[in-house]
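Starting off with a structure, shown below.
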Amino acid sequence: MSSQDTPVMQPAGGKTADKVFKGIAYACGILILVVLAAVFLFLFFRAWPLIGGDQSANSATISSFTGGKTNSFWGYVLPLLFGTVLVSILALLIAFFISIGIALFISHYAPKKIATGLSYVVDLLAAIPSVIYGLWGGLILVPAIYPFWNWVATYLGWIPLFAGPAANPQRTVATVAVVLAVMVLPIITSMSRDIFLQTPTLQQEAAYGLGATKWEMIKLAVIPFGKSGIVSASMLALGRALGETMAVLMILSPGLTYSIKLLQASQNQTIAANIAAQYPEANDLGVSTLIGTGLILFLITFVVNYAARKITEKASV
Amino acid sequence: MGQRIDVNHENIYYGDFLAVEDVNINIEPNKVTAFIGPSGCGKSTVLRTLDRMHELIPGAHVEGEVLLEGKNLYDKDVDPVSVRRDVGMVFQRPNPFPTMSIRENVLAGVRLNNKHLSKSDADDLVEWALRGANLWNEVKDRLDNPGIGLSGGQQQRLCIARAVAVHPQVVLMDEPCSALDPISTLAVEDLINELKDDYTIVIVTHNMQQAARIADFTAFFNLKAVGEPGHLEYFADTTTMFNNPQNEEAERYISGRFG
Amino acid sequence: MAEATKKKNLDGAPVIDFDKFRPTRSSENSRKRKDLFMTGLIGLAFVIACIPLVSVLWTTIVNGLKRLNLNFLSYNMTGVVGGNPTPSGGYGGVVHAIIGTLEITGGAMVISIPIGIMCAVYLVEYAHGGKLAMTISLLVDVMSGIPSIVAGLFAFSMFTIVFGPGTINGIEGSVALSLLMLPTVVKSCEEMLKIVPNDLREASLALGVTKQRTITKIVLRTALPGIVSGCILAIARVIGETAPLLMTAGYISSTNVNLFSGQMTTLPVFVYQEYSKLNANCPVHATSACVPTIPMERAWAAALVLIIIVLVLNLIGRLVAKVFAVKTER
Amino acid sequence: ACGDNTASTSSNGSSSSATKSEPVSGDFQGAGASSQQAAVEAWIAGFQGNNPDAKIAYNPSGSGAGVSTFLTGATAWAGSDKALSDDEVSQSKAVCASGAAFDVPVYISPIAVVFNLKGVSDAGKHINMDASTIAKIFDGKITTWNDDAIQSQNKDLKLPATPITVVHRSDKSGTTQNFVSYFKDAAPNDWSYDLSENWPNSVGQGAKGTSGVISTVQQADGTIGYADFSQVGKLGTVAVKVGDSYNEISAEGGSKVIEDSKLDDTATGENRVVVKINHETEAKGAYPIVLVSYMIACPAYKDAKNAEFAKSWLTYVTSDDGQKAAQDAASSAPLPSSLTSKITKSIEAIKTK
Amino acid sequence: MGQRIDVNHENIYYGDFLAVEDVNINIEPNKVTAFIGPSGCGKSTVLRTLDRMHELIPGAHVEGEVLLEGKNLYDKDVDPVSVRRDVGMVFQRPNPFPTMSIRENVLAGVRLNNKHLSKSDADDLVEWALRGANLWNEVKDRLDNPGIGLSGGQQQRLCIARAVAVHPQVVLMDEPCSALDPISTLAVEDLINELKDDYTIVIVTHNMQQAARIADFTAFFNLKAVGEPGHLEYFADTTTMFNNPQNEEAERYISGRFG
């Protein structure tokens, strides 16, 4: 065919489109920064009366929130923070090993057909709304789990965490942690499953080729490969647990202490559930106070995620 | 028709790292020029500066001149996108677009540039390119099947067809056969031999027999030590290079040959 | 054979007594036992997890099926008084909540998916790990941990500050949800773009195709199935949100199709409100058609509808992903 | 709109004597107390019987949120479990066309003290208690069911030694405030806490919303809690000592207390009808633990349509028809006749045109 | 010392697909046996049945016998884990464990059975294996660096060191040099030559010159058509195979050689 003697390097079309597209991409990248700043600023703005407003009115508001137990903002928010972290960490602890187990089960143990089905179920479960977990936790799990926790309190009560007597009904931190664990389990499972499935066959065969058993292969090839993925999955899970509202609201009997008695009622409360519980009846200043606690929650999740991300970065280098 | 390339005093960097130093080479039109040399000496790097693919790597840049028919590719007013249209490239691993059929793969270069082709023009172009790539007979009945479904050798020829379909003047190939089995390799080598009537061809290869078989000129790159920049050690026509090299390093490298 | 005489490799190598490293029976057995034990443990993890998961689904299905019928799906809650049946013979329904859910999540999608995809494009295709990009991708990670209630407070604060106090409408809910979706979309798109082999970009660029067209026609096209399923996961994450919508979108018993004005009910909020009602009153003179437990029954039925919607979305997503599945090598 | 259940005009249309005015039409919004929700639903249905073109939405977002929203002018009226504060009254001047907002009681509902005790509640029996006993239980001072203080008031019951689990609201709630205000008045020595919508001590367990309290009480033996009368279901209720007798919970009992109560003269502002519940009433058959819930409206609106609507709406709600509808839907107590004239006067004061 | 392998009437399946049919072959101890043949004929597949790696692919199974010194690997009472310890394997692409240091990579296999290796034993073993793999001098100063940081050829030799460190009787290699440059290839070939004193070696290669250079026996696999099962066409000592093959197909394949 003819070689049409095109002039060398005539300018190509599409340069403007190229520039515009690049500009949009950049703008969207920057937008992330803007949005985060906006979240902070709007919350801060609404919470401003806490700092810049009439302090005696603030004290009165907080005192009305706590039934007079405290009238300082920190006295109010710190126990909430403690409760939030306590519940989330417990949930993560419960969910972590089970999730990794299921992920391995799906990726390396179950026959392919079953594994596909299981993955699908797990993905679906990740999407079950928290309000449904709240219903289920409050109405089904609470009465069902009492005998178990009662047993724990009876025989393991010497561990301060399990100090009895177990509250009946079990609207306690322990039960909430179980529900939250169920809620975050699909997150960790599906993310680590995806990572495990991506483990290079070459690595796995290298391990098998040395005479490793299946579990040894997993330790040699799969886990090291998936480590940073697992950390970031757990981080996401922790984030979700920290901010979970409805399930906690609908199950937990709250309290404002620094107690770690997991099996007793009215010990701790989480920030998110507290906001949801107080918001409907709050007046303007009350809303500011709650938004103030929300700002703290925001900063905390920010710090946790930031730290976790740094850990992941270090691990993956 | 192929065009000539002249490289003058070219230094190639990855960020601050000088990967290849002071390359001077004249690549003749409508000939096959092979680049050989030990691993890491910069063959691929030099090749990729010939169609400005090199600068796609963040931080990478080039000093010196690369003249395509006398016009410096690295002049300010030159659009790299159009350079790449004039200088096609085929890669080590066959890389047809997985979302596209065989036919669409061949047309990709034209279509993606938003050129509208009539159905009959497109059909003609597909047939012409696939015939040119020695693939027409094998695939003519399944042009609408995905390109990824072909065998490795067929995929590589499909990539060559895709490259020639945009009518380049020069075709660069970076170890096009290293992922192929011997039979497919033969097919691709035959094809290269035929292509040089229409194009200037530059090919990187690890396989000296391959260079000996298909190249008109051979450039031997070398590097003093790992971490040092690579350089063009010796450039000659292929017969001289393999039978009577006037360069000790080249001789040593070639006589250490095997395979 | 006299080893040392022949092998230059092993000159000077220590002599190894390999019998020492031979596996003993006990070590073999203990390895086997450990393997078996771990297999058991992993299986057990699975069984343990199944109990609550099955229980949740089972409870919802059994309780939900009781009131899930066409009437429930085609009426809203206007004119529903106590436990009494409505003129149509039903006990109210969720059509308004389904519409609200679809519109509000739709709004969130429209906001966050284009932004998310373009942000991922920026991170993967343009930024090349520069400082700004590192910061952005870090912040995206951080953002994915924003609690939903904070997102609700944010949208509430923003709308009340910008549009005046008392503003409550569907789009406000969409904004809250899009804040939650955005990082998920960005992250999954980023992953998907990253696994598009660089070969393909180079192949396209080498054909003299501009970067923009390479990205839209090759990279995004190749990553499409992954992006679709990523976006579906993101939707699934937000479609069941309750708390932020209570603050931002409100609650109404009639159908509101205008996303930009007036309150909107979504399914999760509906579930929660019905749960809050718990029982309806049946006056002494009421007929047997009056059902005092109807609010809880509606709550479960709506929960089931919600789960079904999520399921169908998932199916659609998977189907799309399958139909357009792209096989890249290895 | 789409999916509406067409209101049944027949049920309430029979006696439309009270409202002869022109039917109102348009979209109207209200928000506030969740306690009123069931009643409001019935009122909306009834009101639309006479005003088929009126579209009314009520968001049971909570009293606080309802009042805040009302004070921004976004809603035509607010429902609230407590009367406006002085501050709120003065803020409302900015929203109302002239004058300040006022509140009228629309919904009176007895608060039940519910319990779950094997052998007692499941046998359909009541337990008798006086104010001081209830207060002590809810303050954690009495911890078992067979405590002398309880047993001595229930000679005919054999009470078990089951420990008492108190269940209270975990969210801010008008129910809580009304409940504890009963202690403050009737057993001041046994209840030292400030009046608040939040539960003041950490005795027992908290649960979200009335529904949370009820389901918690149902879940274990030995629980006791408080909840709106309409939600009692099969749980046992405490008969409260009034004068010398123990009165079981009933709607009429609730009305009787209000009848026997005075208006709160500390509530400043025109047209306001704020009840100061007389928890120490000795009226025969009275049940002293009640929640009085108000509707808040402006005497004059910037939007004439809202004014027309508010007047007509409040008139209907406080009418016999309206109160009857609420009784059916929420087993509330009817407004006592002692209040109706005042209420009517306040509503009449809303300026239309 | 190496052990012999005898394969009798082996059929190999991927699910329902019969990939290789009726293989009979006797692999001599302490010799290098090369598998050659066109792509897809089942070389890798057969190789992987020799240490029961094949069955790791879901649905894959084997019929017939594979005798290691007379003992059938596929007997019910045989634990595949111990088979794989006695029969080591080296793969096409170097695959050191990415999270481990060079040292840990070498020890990975040994550690499985010896949880508590004394430091001196471990040091000795690492040195022995790395010397055996011709890598000691290059890496002895950086044993604690990650194995993944080495060059391709070094990585492949590291993998060989890792395989021999568990002291297998047989070492299987699937195209161990195909991802390597010529110089690294030479190093690995030298190494194979030395290893056969201690091990029985089976190597799959695409490169006939390589087979000719290093193998004592060569097995030529073939396949009638794509989709048909592959089979062992011809097995002979290497000299015969390349100089005077008694099989037409083999002759055609080998004379079509190049490279």
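Labels for the chains are A, B, C, D and E, by order of writing; each one numbers its residues from 1.
One rule holds in what follows: a contact is a pair of C-beta atoms (placed from the backbone, for glycine too) under 8 Å apart; a residue touches a chain by one contact, two chains touch by 3 or more.
Keep in mind it's a predicted model, so treat the numbers as computed, not measured.
J.: Please identify each chain that touches subunit C as well as subunit E.
T.: Chains touching both subunit C and subunit E: A, B.
J.: Looking at every pair of chains, which has the largest contact count?
T.: A-C
J.: Per-chain Cα mean versus the mean over all protein Cα atoms: which chain has them closest together?
T.: C
J.: Compute the distance, rounded to whole Å, between the mean C-alpha positions of subunit A and subunit B.
T.: Going by mean C-alpha positions, subunit A sits 51 Å from subunit B.
J.: Centroid of subunit A to centroid of subunit E, CA atoms only: how many Å?
T.: That gives a centre separation of 47 Å.
J.: How big is the gap, in whole Å, between where the Cα atoms of subunit B centre and where those of subunit D centre?
T.: Taking the average C-alpha coordinate of subunit B and of subunit D, the gap between them is 84 Å.
J.: I'd like the Å distance between the centres of subunit B and subunit C, where a centre is the mean of that chain's Cα atoms.
T.: It comes to 46 Å between the two C-alpha centres.
J.: Where in subunit D do residues touch at least two different other chains?
T.: 34, 61, 68, 215
J.: Taking each residue of subunit C in turn, which ones touch at least two of the other chains?
T.: 31-32, 208, 210, 213, 246, 275
J.: Which residues of subunit A are in contact with two or more other chains?
T.: Expected reply: 12-15, 139, 213, 216, 249-250, 279.
J.: Each pair of chains that touch: what are they?
T.: In this structure, the chains touch in these pairs: A-B, A-C, A-D, A-E, B-C, B-E, C-D, C-E.
J.: Quick one: in the complex, what on subunit A touches subunit B?
T.: For this pair, the touching residues of subunit A are 1, 3-6, 8-15.
J.: Give every residue of subunit C touching subunit B within the complex, in rising order.
T.: Residues 128-129, 197, 199-200, 202-210, 213-214, 217-218, 221-222, 224, 324, 326-329 of subunit C touch subunit B in their complex.
J.: For the complex, give me every residue of subunit B touching subunit A.
T.: The touching residues are 1, 3, 68-69, 71, 73, 78-79, 81-83, 85-86, 113-114, 128, 132, 167, 169, 198.
J.: For subunit A, which residues count as touching subunit E in their complex?
T.: My answer: residues 111-112, 200, 202-213, 216, 220-221, 224-225, 227.
J.: Which residues of subunit E touch subunit C once you look at their complex with the stated criterion?
T.: 79, 81-82, 85, 110, 112-115, 121, 123-125, 127-128, 131-134, 136, 166-167, 191, 194, 197
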